[in-house]
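Should a chain be cited, it is by its letter among A, B, C, D, E and F, assigned in written order, with residues numbered from 1 in that chain.
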Amino acid sequence: MSPDTESMSVCGCDPASLRELRAQRLLHREAELLDAWQFEEWLELMTEDLRYWAPVRTNRMWRERSRSISMPGESAHFDESLDQLRERVDRLATHMAWAEEPPSRTRHLVTNIRVEPTADPAEILCRSNFLVYRTRSERDMDQVVGTREDILREVGPGEFKIARRTVIFDMATILVKNLSLFY
Amino acid sequence: MNVDIDGLFDFDAGMVCAEIFVDEDVYKLELERVFGRSWVFLAHDSMIPRAGDFLQTYIGEDPIVVARQKDGSVRAFLNQCIHRGMRICRADEGNARSFMCSFHGWTYDTAGNLTGVPHEKTVYRPNTFDKSTRGPRKVTRVESYKGFHFGTWAEDAPSLLEYLGDMAWYFDAYIDRYSGGLEAIANHRWIIPANWKLKAEQFASDALHAEISHASAIQVMTPKGTETAETNHAVRAVNATGHQFASPYGHGTGWFDVPGSLHPDPVVANWENEQRENVASRLGALRADTARGHATIFPNFHFLLNGTFRVVHPRGPNEMEIWAWTMVPAEAPEPVKENYARSLTRTFSPSGMFEQDDAENWAEIQRILRGKVARGVRLSYEMVHDPLPSGASEFPGYVVPANYSDVAALGLYRHYADLMSSHTWAEAVEMKLQREAAK
Amino acid sequence: MSPDTESMSVCGCDPASLRELRAQRLLHREAELLDAWQFEEWLELMTEDLRYWAPVRTNRMWRERSRSISMPGESAHFDESLDQLRERVDRLATHMAWAEEPPSRTRHLVTNIRVEPTADPAEILCRSNFLVYRTRSERDMDQVVGTREDILREVGPGEFKIARRTVIFDMATILVKNLSLFY
Amino acid sequence: MNVDIDGLFDFDAGMVCAEIFVDEDVYKLELERVFGRSWVFLAHDSMIPRAGDFLQTYIGEDPIVVARQKDGSVRAFLNQCIHRGMRICRADEGNARSFMCSFHGWTYDTAGNLTGVPHEKTVYRPNTFDKSTRGPRKVTRVESYKGFHFGTWAEDAPSLLEYLGDMAWYFDAYIDRYSGGLEAIANHRWIIPANWKLKAEQFASDALHAEISHASAIQVMTPKGTETAETNHAVRAVNATGHQFASPYGHGTGWFDVPGSLHPDPVVANWENEQRENVASRLGALRADTARGHATIFPNFHFLLNGTFRVVHPRGPNEMEIWAWTMVPAEAPEPVKENYARSLTRTFSPSGMFEQDDAENWAEIQRILRGKVARGVRLSYEMVHDPLPSGASEFPGYVVPANYSDVAALGLYRHYADLMSSHTWAEAVEMKLQREAAK
Amino acid sequence: MSPDTESMSVCGCDPASLRELRAQRLLHREAELLDAWQFEEWLELMTEDLRYWAPVRTNRMWRERSRSISMPGESAHFDESLDQLRERVDRLATHMAWAEEPPSRTRHLVTNIRVEPTADPAEILCRSNFLVYRTRSERDMDQVVGTREDILREVGPGEFKIARRTVIFDMATILVKNLSLFY
Amino acid sequence: MNVDIDGLFDFDAGMVCAEIFVDEDVYKLELERVFGRSWVFLAHDSMIPRAGDFLQTYIGEDPIVVARQKDGSVRAFLNQCIHRGMRICRADEGNARSFMCSFHGWTYDTAGNLTGVPHEKTVYRPNTFDKSTRGPRKVTRVESYKGFHFGTWAEDAPSLLEYLGDMAWYFDAYIDRYSGGLEAIANHRWIIPANWKLKAEQFASDALHAEISHASAIQVMTPKGTETAETNHAVRAVNATGHQFASPYGHGTGWFDVPGSLHPDPVVANWENEQRENVASRLGALRADTARGHATIFPNFHFLLNGTFRVVHPRGPNEMEIWAWTMVPAEAPEPVKENYARSLTRTFSPSGMFEQDDAENWAEIQRILRGKVARGVRLSYEMVHDPLPSGASEFPGYVVPANYSDVAALGLYRHYADLMSSHTWAEAVEMKLQREAAK
């Protein structure tokens, strides 16, 4: 997506549609950057105070369902500040991160993008589902599916960044050999 | 099933045939002779603190329920209804007063005793049907060491304490460091398409791989400007000498002789350093300052000095399932605990910057073993060292003065081969005694 | 999605876009409710005269393709009125429905939402494709893929409900052990 | 392949070793001795009514084409081109005059006779190549009972009628109730990761599981306010006495002694109740009012009184593939037929509120059998009852006065063990005679 | 989708939204035609000068990443003009194309549709991700995932056709037994 | 492992038991006796032209690195680090000066020599650890024929030239047609759930399937109005006579006796026709005008006259992995090369209009072999012809005057059975000599 596209006006008829379109463009651009291994550019979509967090799910009886997704401070698959994410990106950039050298080939399929306002007029809540398909090496293939809940913050007129991301992986036991990339 | 165990190992030359990682018959025999007879980690006190707390785990591929009883004891039983074989307890963990089988409704207490059978009086013959004999198989023996519960199917196994032997001294350096002991505050589960023994030998013995396998993580986690300074824990570790301990029962551990916390998180490192005197007074200076690195309690319980404790369930010869707990000092302040946890998430979880690369290596090793020539190759475990002379150090047991060594791995496979070649524990122990005598 | 969101005006420029946005929001909200096990709320998205029907596919030569999808009254995977759907929901709520106790973890990925008018100005025809990813217990994972054809009826100004749903599962032999939830 | 069948069963104690559900060698032997020798359901008349109608099915894992001939007869043959092994017919069902193999174009008529070979005259030697001997394997024997066609590979099997024996009387209670017979109007196919015998034994013998396994469905399908009333079919069933029949050839059926329709759909129930006199005049009062519940015709044909008829194809020891037809009285009015079908969709299809929970139970049973200890467990089939004395009832055969019983399951496994231990039918029958004589 | 739908006006507020909506409708209609085996109608969505091309990916070290996707003239999974595509369609129409007789059942899930202008005002660049789910025969199931980069050309007022398509399959080794249909 | 090879074949009757395509023990024996002893294609010069160019391939299921050395030679070694078994080289192809194992950092030169071991001096005992003996297994012998490199693990195999024997003459008709030789300009890789031998026998021997299997492709690729004209290559081929060659070492090839290019692309066909005189002067008129069709060099190297060259890696009995290169005359103009490539993409790649249907047939054949009866069926290879009398033609070796023939397939299986029944090459060759003598 060229800078030109970014600056294009969006449908200005009503705020809800506007938000949806902007959130959608942001998430699609994000997916494109991730699949192209443009991780430095990806980091630029985040605010400085980013929290990138992925709780862990366990298989519980219904009556204990409140404990089936871990809480902040408990088990997590990711629990990162922007600096910490950058460390992961830097690691990949060493090209000695053997889990990703030779690099995997990923595809982020993002669906069910839903947007709603928050108490803070500068922030919107954006939910989306995803399927991340990964092939690597000769014949490896795996898929990771889940949902995300993002806080998107307007940092300039019509320009949103990701201020908080919660990723819910649906698997209780992670059925892939690692979570080496980003979701 | 015809497995020539002796042909797969040459302990004098330091050679192990790759076939042990892939052969189906070897695997079947392992389920019987290794997992069917060893002391296998079941749970830690902190995972099931209250009466009625339970969790599901495995001994090998057999599902086990472990539950805290009203009297505070811990019981374990096969998670299989003896009626028609249904899984009795179907949650990973929780709290329950009893379990009801969802097939025909037989009910069990949390010790695995059959307490109720619908229509029992009308459908069963009272003279032959006795509920007290119809419960699931209880794990034959459950014993615990400082809050860590282990189980075995073997009547004739040595006691847990005897089984741990000198390893207990090293185990203490991880788990008995602080007066409050440890508590599990996080858990990760994932699978790797590779044989469980690749994990076992690495945690026992393989410190060497880190500088290459984890080169990228070490590089980015090294604070800028400290690459050669003594504040850089990675550099300090690599430049230090180290030791490895090998147990006659297959356990192994290794460490670098580096005083002071090696934890990459400064909050944690500071706290650990502050505890040094307390630890020294509990365990002595040697274990306050060293003796901690990587460790395996045979067959599948593994831990590191950063607080990851893991049991690795075998899932066929070609897959392992890792359950990794973050265990932290119970007495540490919350922020320290949090940083222990966050640090492990970022290094030794499925997304961990170290863990990822281990998975990649193991998966590739395994895949290659589809090859007929590849599986016949004799791999090199030739980094051998003479043990410290008796009395040369305070380290108990068979210890070599190097952590870049294959000695603990060879010890692990030596015991593994004993089990795989024997029908009884007495037979296996006899093998060990004869070897000892022959020296 | 909060009621506030629901009441937000949508892009009012032209009826086609309007319909698309509304259908999309409805289907996304539906998916969210299903994945959150909010089945009672899900039922409220349906009209009283709902027909929820899923024919069966068979593997036929091209010349007999007209018989490769069953007709109403023939084989079906679902054939439900609203009351009957409610029975299924009630069953799940007993938490003795062992196929879903402990509960599965699902994710509905809805794509290719297409809308067109019908002869009835109060109803629109909405097609969508879906992939429903389910994990349950320690390590179970399965996927169900197919398409849906819905009649959405405007029951209040700008408020649509589902009046008819046809679900086409693509599999001839159902490759999962049950169809225990909703599509 | 070395399977100790005797060691897997203790019929006196009512014990069956779980190994039979998971062992690979047991499974291979089943394909040969059970599916290679039993009468297996192929098709019902209504599934292939017109000349040229065909369907694909399986005997065990072997694909079979069943087709209606011009003369009205039904033929069956292995769906494998003997040329280079291609699947001859590749649609699930349809109507055809002939089949052409898509590999090299050999053509077959619907009886499986090789009718055309491209370039036959120029490429084959006429003295050695004889089309009449190059067709696919025909199913050795195809026999039918009241519109139900069965096939067997065994030359020496008893006739279908002899094989059914007393089971025919019970089968009639399902299929010969109405003058027009039954017709298949719907079909569902799905897979369950569990051994085929879990299904077989349940339909023969296991009424007991319903109140627990299907507790949720029973609860929500019970009309409000009828929980204890006699209009509630579930309550009526459970409160009633029942019976179970076990056949020496492994068939089994059980029922509750409840007169009147037990169908949950009121439209169907009314219609069934209206037919009571007609049924009684066809089959007698006993079968009009009772003798219908759940049934297995050994090995893999199963049906219930609600009209589901199913064949269960084994797919390795760890998977079954269920093909379930909705069969309804041909003479019933359309709305009744529709409600039969809709009711089955809602209860006993992959989305069925009953079926779902069976799948869950079976799948969990199977998964547990990865465990080495679990697969050695001896499961309990101890709900045994003495048979009715000869002449005590009009029920033919070996019948016990209870439907909460394991007798039909034990009968099924008794015959299964006979087949698995014998090389010929004569040998298997001899085993049965000797046991009979020994009593 | 009826011709009526096609002629419906779309949100006219701004060119970016307009392009997105039109591209989205086109790709969704395309998917519908493919899954319905309406291949003749599908061909009508293409311009006469269509190039339909799918390069091959190889597993390379990062430093040789420029060679990890083949260039035009090197390995390709598809390399077709419109006439050549038509040949493939004609082949399927013989119903002797055994790989697709009996026909497979496919579902094209199209996500992440992104649009941007090009130097040519009559053409837009449209990227999308896809998952194509295929079942066939009794129990075959496979999935093909990847991304597409299309040039869409305005051939009449508001009417776009596909002038160029590049399909990137993510797999290095193709893990399905054939690529018998269209992506 | 107990395989009765003789029982699986009846060469006199032209019968092959389907079991060879599915049995696990047969497969294991193949890895040892077929892939462990045959000359297997590794690479062509044009795939690794420069020093340091490497590619990964397989011999059977064993991963192999093939690399061009500084001296221009080609070396091949098992892609497995003998240290702990990691895959040394992890890219499909590329250019490298050396390889570093990502586990512990052992480094290798491109010939597979171990050149570096981290900390070697401090961690290994110099008297026992010798780097020169710790490299990966080198492929025992690598020999090449006109730019095509083959490797074998067998010390005692005949030389490549002897192994090819008369097949070299036919091979030349594909690869030595043009002065510049061939170059690989495209590659496709995909998997088919079917046994590798289905591919091997088809490329050796099965021209017959095309008119049926590929009926649709032939129909649409036939230019309108040419259905019967002599410009239609498909018609020309089918109407022509043909020949088949069978090698005692299992190779086979067949062709139609049709002069002039048969290539479907007119640009390519024109260019090929223009080259006719050049080719004739290189290879003689016979090979300029005929002797090209389909071919297999035993066991798994296959090619067609349209320029597809493929190695088929076995992946268990139920799967093959095809690697197909587009090889074109190096001296052809760019547009001709491009059309060669585009044409193969459209016909013989995973999306190829011919290839698709072969996959469908093979996959169905394989699936059926889950059946117990199906796998015991004896398939028909009865299109046999007497060989041309010695001196009757210029075609070298055992040649029959028909391309619709099973002779090359039978020859392939004859050699296959020799290998599978013997422990040494000498033994296998002796079998051939005795058969020859017995005639």
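The definition used in the following text is that contacts are C-beta pairs under 8 Å (C-beta built on N, C-alpha and C of every residue); 3 or more make two chains touch, one makes a residue touch a chain.
This is a predicted model, so every value here is computed, not measured.
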Treat each pair of touching chains as one step and give the shortest count from chain D to chain E. 1
Touching both chain A and chain D (chains): B, C, E, F
Give the label of the chain whose average Cα location is farthest from that of chain A. D
By the contact definition above, name the pair with the higher C-beta contact count: C-D or B-D. C-D
Measure off the straight-line distance from the CA centroid of chain B to the CA centroid of chain C, and report it in whole Å. 46
So the centre of each chain is just the mean of its C-alpha atoms; given that, what is the distance between chain A and chain E in Å? 26
Quick one: report the Å distance separating chain C from chain F, using the average Cα coordinate of each chain. 51
Considering chain A alone, which of its residues make contact with at least two other chains? 11, 13, 59-61, 95, 98, 101-102, 109, 111, 131, 137-139, 172-173, 175
Expected list for chain F, residues touching two or more other chains, is 90-92, 102, 189, 191, 213, 357, 360-361, 364
Can you list every touching chain pair? A-B, A-C, A-E, A-F, B-C, B-D, B-F, C-D, C-E, D-E, D-F, E-F
Please name which positions on chain A make contact with chain B in the complex. 54, 56, 58-61, 64, 67, 70, 73-80, 84, 87-88, 90-92, 94-100, 137, 140, 172-180
Contact footprint of chain A on chain C as seen in their complex: 1-2, 4-5, 8-13, 21, 25, 28-29, 31-32, 35, 95, 101-103, 105-111, 131, 133, 135-139, 141
Note which residues of chain D are touching chain C in the complex, please. 90-95, 185-193, 213, 215-217, 219-221, 321, 326, 338, 341-342, 345-346, 349-351, 353, 355-357, 359-361, 363-364
Chain F partner contacts - residues on chain A that touch it in the complex: 98, 101-102, 137-139
Would you tell me which residues of chain E are touching chain A in their complex? 11, 13-17, 20, 57, 59-63, 65, 109, 111-117, 127, 129, 131, 145-147, 170-173, 175
